[in-house]
Amino acid sequence: MNVGNVPFVVAALLVVLGLYTFLFKRNLIKLVIGISLIETGVNLFLVALGYRTAGIAPIYTLAPAGRMVLPTPQALTLTSIVIGLATTALLLSFAVFVYRHYGTLDAGKIKELQG
Amino acid sequence: MNALTVHAPVLLVAVPLLGAFATPLVGRFGRSARNVFVGSVILFTGALAGLMAAHVFGLGEPLVYVLGGADGFGVPLPSGMQVPVRILFEVDAMSAFMALITALVALAGTWYSFSYWRERSGGDLYHSLLLLLTAGIFGMELTGDMFNFFVFLEVTSIAACGLIGFRVWLKHSQEAGFKVMALYTLSGILVLLAVGLLYGEHGGLNIAYLASRVGGSLVDRIALGLLLTGLAMKAGAVPLHMWAPDAYGEAPAPTSAVLVANSQASLYGLFRILFTLYGATVSVGALGWILIAFALLTIAVGVTMALVQRDIKRLIAYSAVSQIGYMLLGVGVGLAVSVARPEFGRTAMHGGIFHMLNDAACIGLLFLASGAVIRASGTRDLNKMGGLAHRMGWTTGFFLIGALALAGVPPLNGFASKFLIYESSFRLSPILAVIAILASIMLLAVFVKVFQAAFLGPPPDGVTETPTGMLVPMAVLAVAVVLLGLFPGFFIDRLVAPAADALWSGRDIYIRAILGG
Amino acid sequence: MNSGMSIIVRTVTRFVYGLVIIFGFYVIMHGHLTPGGGFQGGAVVASGFALLLVAFGAAGVKGRLNAHWLQTLEEVGALAFLALGLLGIGTAFFYNLLANGGGLFGAAAGSGPNTGVLNSGGTLPLMNWAVGLKVMTGIGSVVIVMLVAGREKEAE
Amino acid sequence: MNGISSGFGAWNPIAWVLLFAGVFAIAALVRSLGRVDSKRNTGQSKVFLSGNDEPADLRGLHVRGDHLYWGMVEGLAGYYRRVRALHTGVITDYVAWFVGVLGLVFVILALVR
């Protein structure tokens, strides 16, 4: 199936949506969701880079004849997903502790460190 | 050239990583066993960095280490085509120089931590994260691969934020941890996006390979913008510095010192990308002036904000931000004139790169001393402390050395590098030098304030001298500060000049080391 | 505090839990031949742990899943991975010493499409196991810590 | 080998230290030639505080951090009000700065050759 440039458009949309969330939402959990959105967009971009029309998965075990998609971007994406998991977990734990100390998740109220 | 030297680049990452994972296991056998283990791991790492640096500086060309095989960086396919896929470390003089800085700061910070971390529990994980951070910083500095650079960038982000927010019972450290992690992650993702763009455009991730292919196309420029801004954020350039006072201020004192090395590693990445990856393919004048604009803002805002801080750690954090500006100024001037190549451009590079080493030593010393001050006075509020000099002679002396060196008072090391920056930026535009000198004077005023508020005044009750375990790392850094100040010519000839020239004129050598020809 | 969910969920979990974990181990085992590998398989196993936690609650699995032991195993997994990397240091870090050498995972695998030989890949399958161990225990302990962190407040 | 030169000026710390040591030596020499007739524990060694007596208890009498440079900060009040207003402490503002600088860098990179 020819997908054209659709994945890239979707990736750009995801990044923009994530940045929008990051800029205009005030809830810490929503900020983390925004970061995840940007990450997903970038991951989609990476996978789409390696895609070839009608390509198959780049695994030789019982592979049917046909062109394979590029494996490197998939490896990059996997690494980036793993890193994303760690950062998201860390951010969410910070959000939990911030909530315990401040009693709120409103980014506009968590500003004791300023100036 | 023995086996240890050959494998030094990868061991510099693997050994601290091994130490990081083994520390919680060794910690089962008690506190002193863990300290001995962590101490020997970091000592071995420092020795490796020294060995590797001696080798690379003697070699005169980059040291290439291919992970997984010794037969070049490509994998030959049955069709005979070479695919540049292997991950490799490429260590030129600049990388080795940065590794030396990191080793110095990590050594001092880790040894200081042994006495500093007095809480009953958590010490194992704390030291584990510290080693992980060190491994990540080494990785950023030594890697020859853009994607690996991103991975190590994220490793340092996670480890650094783990350390910033480590003391979960402190309200502010959690706030700082969240903010810093969010901004680090954002900049990391954008660096990844840039790496993806470069990969899509040129089909490779290797820095040397990309450098040989990169032109001034639209995609290259977008990637450059993302990398420039993302790494400037992670280095703490104004107006992207807002995380830096939070991070340095709320982290445990020895961690703050290592975080400075982390910022410098990002700065190194920025310079590597501007000089080696892009070279002169995009207008160096514009890029140089972007760096100079960042630099002037950073110097001015950093130092003026430091003046009005009340929290001693935050104050030193803002002065650390201002020092990043001096490095950016030196290298920015060098970059702006790097096509015409006048002699003062090279001098400016020497100043900027030399200032990285000097700044690591002085700011590291100041953060360690501030940890001792906070320990003694039990507060971080400058308005509530005083008179520490009566009981803490050594700490006072070390703090004074660090403060004077940072403010650029001769004959200490800060002056030597700032001298080169002043003189060369004056040749480009006198305004730059004037701002830099004024800010330096103001920085002296800032430290007069700290010294007066914390060390002078009537003696407080129940204050004793800092434990020897914390004084010795400070002494190491103080000796480094004095030596660097008294013999700048020696260090510039041996260390700084090869490192700066690797950026200034080493692009072809860097590419040739991988691609041959 | 109510520990866990309804009897239906718990009974189904008892059935599915073992299958999830076995499937995770399968994905790790065949990491060098089929899609997946250490991380994915480890994540599947950890999702089995998460299933247990959700179904039985933190109190219900207290005896079975111990965060302390999980963390120790995590360190062991990471160390095993690095040790496998150091195994090839005679040539280069991460050099695949065992590949095509006979012995353990040493069967030669041809280039191009093939039926897949489990006993091939050299150090790669071993690394998959190390990564799998690290990921299943790492994510498992993260899940436990987060769940406990959430419940503590309620208990107060 | 010890000094450094920028091609414009030169700096040699050892020479500087020697020079300072020489100046200090001269100062010490001049000082040693002076008269020694000040007496301890008399009015001569008393602290002069604008004619007031020295307080008996010095505890709590300390020029605190904020007291230094208040005049300068006061003079730059307008600047500080603006700059401190930039450090709002709200994470989304920081991200806005980031996005703004990113846009600016893109514009500059698009304009130059």
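Note that the chains take the letters A, B, C and D in the order they are written out, and that residue 1 is the start of every chain.
Note that in this section contacts are C-beta pairs under 8 Å (C-beta built on N, C-alpha and C of every residue); 3 or more make two chains touch, one makes a residue touch a chain.
None of the values given here were measured: they were computed from a predicted structure.
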### Task
Could you let me know which interface, A-B or A-D, is made of more C-beta pairs in contact?
A-B
#### Entry: Intercentroid distance (Cα basis), chain D paired with chain A, Å
46
### Task
Averaged over CA atoms, how far is the centre of chain A from the centre of chain B? Could you give it in whole Å?
28
### Message
Using mean CA coordinates as chain centres, what's the gap between chain C and chain D in Å?
### Response
57
### Message
Quick check: how many Å separate the C-alpha centres of chain B and chain C?
### Response
35
## Note on the structure
The positions of chain C in contact with two or more other chains are 111-112
## Note on the structure
Within chain A, the set of residues that touch 2 or more other chains is 22, 31, 110, 112-113, 115
### Summary
chain B touches at least 2 other chains through residues 178-179, 182, 186, 245, 305, 308
#### Entry: Pairwise chain contacts under the document criterion
A-B, A-C, A-D, B-C, B-D
### Query
Where on chain C does chain A make contact in their complex?
33-35, 39, 111-116, 139, 142, 145-146, 149-150, 153
## Note on the structure
Note: in the complex, chain A contacts chain C through residues 57, 59-65, 78, 82, 85, 89, 92-93, 96, 100
### Query
Where on chain D is chain B touching in the complex?
1-4, 6-9, 11-14, 16-17, 58-66, 68-69, 72-73, 76, 79-80, 83-84, 86-87, 91, 93-95, 97-98, 101-102, 105-106, 108-113
#### Entry: chain A - residues contacting chain B, complex
15, 22, 28, 31-32, 35, 38-39, 42, 45-46, 49, 72-73, 76, 79-80, 83, 86-87, 90-91, 94-95, 97-98, 101-102, 110, 112-113, 115
### chain D - residues contacting chain A, complex
84, 87-92, 95-96, 99
